[in-house]
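A, B, C and D label the chains in the order they appear, each numbered from 1.
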Amino acid sequence: MKINLLKSALTIFLLGLLSSYALAQNNLNAQFERMMASGFKAEGIAGLDRIHQDETQKFCSNPVFANSKQGAAKAIQIQKINLATISQPTDGKYIGDWRSGESIAQSGRGATWTDKADTVNGGGCYNCHEIDKKEISYGTIGPSLWNYGKARGYSQEVLIYTWNRINNSKAYNACSNMPRFGHFKLLTQQQIQDVMALLLDPQSPVNQ
Amino acid sequence: MGDPMRIRATETNGVVDVKILMKHDMESGQRKDAAGKLIPAWFITTVTVKAQGKDVFEADFGSAISKDPFLNFKYKGAKGDKLQVSWVDTRGDKRSDEATVS
Amino acid sequence: MKQQRRDVLKYTAVFGLMACAGLITSAQAEEWNKAAFEGKSLDEVFRALGTGTPEKSSTVVMNAPDIAENGAVVPVGISTTLKAQQMAILVEKNPSTLAAQFFIPAGTETFMTTRIKMAQTSNVYALVKADGKWTMAVKEIKVTLGGCGG
Amino acid sequence: MFKNLTFIFKTFFVLSSLFLMLSGHAQSTADEIARYREMIADGNPSELYEAAGEELWKKPSGPKNATLEKCNLGLGPGVIQGAAAQLPRYFSDTNKVQDLESRLITCMSSLQGISAQEIIDAPFQQGLKKDMDAIVAYVVTYSKGLKVQVGIKHPKEKEAYELGKKAFFFQGGPMDFACATCHGATGKRIRMQDLPNLTTQAGAAAGWGSWPAYRVSSGQFWTMGLRLNDCYRQQRFPFPIYGSELTTAVSMYMAVNANGGVIQTPGLKR
């Protein structure tokens, strides 16, 4: 009897704690939304729509959940959504000009509020990746892409995988740090073909 | 007229180590503004340093000296020496500041 | 007094400003060498400075990094065991080759450091004039691209 | 047969020496960049801004023709020594958590009668923001060598920290970037620049503790306000409002993570 009483008291207490926690969380979320809404203004090409998150961005903004067991199931779903957005090259060509690919990889320009709507975007690849070893100024957020094709071969399978990965990296890793270059039209089809060439043309310096 | 300089001068074993920072844009004449127009050259051309009224150093600058120029040199001197650093730029602006060797 | 006045006049002619007596009073201050600073090649600057063709010498030491993280600020220093009266820094691939020159009176150490702008990776020359003869040290400084490039 | 063997040996020799050259090269690149940074560390042009800031602090100006000498940065009116080390913090007069810059806006408007909105709207490096740069340079110099000491005792301080943390991980824009994309892991870099992991004490101490700083690439003194602004620009976000609750909260998150770290401001950056 006594134990039962204690049990229910404890249950009520825990529920109370939980609900006040949930309340606090809700409150924090509401506060956060208010803060974000009042914290930014549109400037140049960078409109306020940029802080309206899609499902992928929402999911990846909560790394604690994303890395949980429940999160793992959701991540697979997110990857499926992203895979479905990818289209293969309309002209059937995967490989363009590696020289032009190198300059796209070098450029980190585009899409900021100091850029114009007609600024030609770069891929910014060297910001995060080692690519041609001749460029000593490279980042390490992403893996080295030196000898990319030489190491993996030049099969159709590798071509399609790489094409997909550049177009929408989130199709393979829900919270990959890599931008979705095709999905958000950051690079044109031609530009992606050229970057593909940098990685997968046997003549490219990357594969020497 | 220009903004004040920062002059640090310390003596050890009869040698005074002088470090000078000057506030100046040092426009090379090669840069373009947001509208794509060339920004005209505007830079310090001559820096002279006197210790106790006597010339101890002169630097002549071209357009390739960095913004907010820095100079470091050493001369044979003593604590308490009065330093006078003066610069003049391509527009005829000038600035003169003093410091005491510590 | 007369001498001083003449000098003031001379500088007025060059810069159109040195009215402030006391700023540059003695005859020791050198005229800013316009021809040298406008030189577009090593040869043009050598000619304007009257250096002849300077020989490389291990007695001239250039203190500079092999790689600059940013071309806007590249520290360059020159020191030498020679009794130098004059020093100069030249950047081969800059739009104007001569970056700076320095006049070293007796009693001043033959040592200096400044910071220069470099448009791209280039050979940098440290020239020293001692006993009327010019010698030099040469070093390639690499300029890298930093930041996000945006 | 022998010829073949010699060939193999030669190839092996060439390849291994090539490998040695390459790895040696990578090592010397890092060393040389370190040497470059060491060389420019001597003579930080921030000092030029400090001098100008001291003048602005002590000179009567604004519609009220007053100085900033009574400005309370949290340690009492006029106390600059160590003040920046304990910011952001809660201020009862404004009932807000404020960082150095938003607090200075309060001082400039209440003491000197300068319009807060005018400071907020001024373009970076110009007009009232230029004054702000100099004043910030002056104030942070008085915390150099001290330890970051930012509390979350007040509920509003705790809340600002939690909100800042959420903002730090918030992804958006056409590149899906969050602060955490570049500053959420240890040992990474963009191009040649090492990225501090701001989620750890060591990383936050290195990052938070070395801004504001003189930036040699632009030849400008950058306050934390401009540092955050340019981060958001590179994140391809819209423009964060100067002195807003948002930028204060992000600062609070970094500062609390940095607690105990030694302050090296004003810093000198690439």
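FYI, contacts are C-beta pairs under 8 Å (C-beta built on N, C-alpha and C of every residue); 3 or more make two chains touch, one makes a residue touch a chain.
Predicted model only: the values in this text are computed from it and were never measured.
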Inset, instruction - Farthest from chain B by Cα centre, which chain is it? Let me know. - result: A
Legend entry - Between C-D and B-D, the pair with more C-beta contacts: C-D
Inset, instruction - Select the chain whose centre, defined as the mean of its C-alpha atoms, is least distant from the mean of all protein C-alpha atoms. - result: D
Inset, instruction - Averaging only over C-alpha atoms, locate the centres of chain B and chain D and give their separation in whole Å. - result: 28
Legend entry - Mean-CA-position distance for chain D and chain C (Å): 35
Inset, instruction - Round to the nearest whole Å and give the separation of the Cα centres of chain A and chain C. - result: 49
Inset, instruction - Mind checking the centre-to-centre distance between chain B and chain C? Centres are C-alpha means, answer in whole Å. - result: 14
Legend entry - Residues of chain D touching at least two other chains: 29, 190-192, 216, 219, 233-234
Legend entry - Contacts with two or more other chains, residues of chain C listed in rising order: 67, 72-73, 115, 144-150
Inset, instruction - List, in ascending order, every residue of chain B touching at least 2 other chains. - result: 66-67, 70, 72
Legend entry - Partner chain D, residues of chain A touching it in the complex: 28, 31-32, 35-36, 38-43, 46-48, 50-53, 56-58, 60-63, 111-114, 126-128, 133, 136-141, 170, 177, 179-180, 184, 186
Legend entry - chain C contact footprint on chain B (complex, rising order): 15, 26, 28, 30, 45-46, 48, 54-67, 69-76, 86, 88, 92, 94, 96
Inset, instruction - Quick one: which bits of chain C touch chain B in the complex? Just the residue numbers, please. - result: 15-18, 20, 23-24, 26, 28-30, 32-33, 37, 72-74, 77, 91, 94-96, 98-105, 107-109, 111-119
Inset, instruction - Please name which positions on chain D make contact with chain B in the complex. - result: 42-43, 45, 47-48, 51-52, 214, 216, 219
Inset, instruction - Using the touch definition up top, name the residues of chain B that touch chain D in the complex. - result: 3-6, 19, 21-23, 25, 66-68, 70, 72
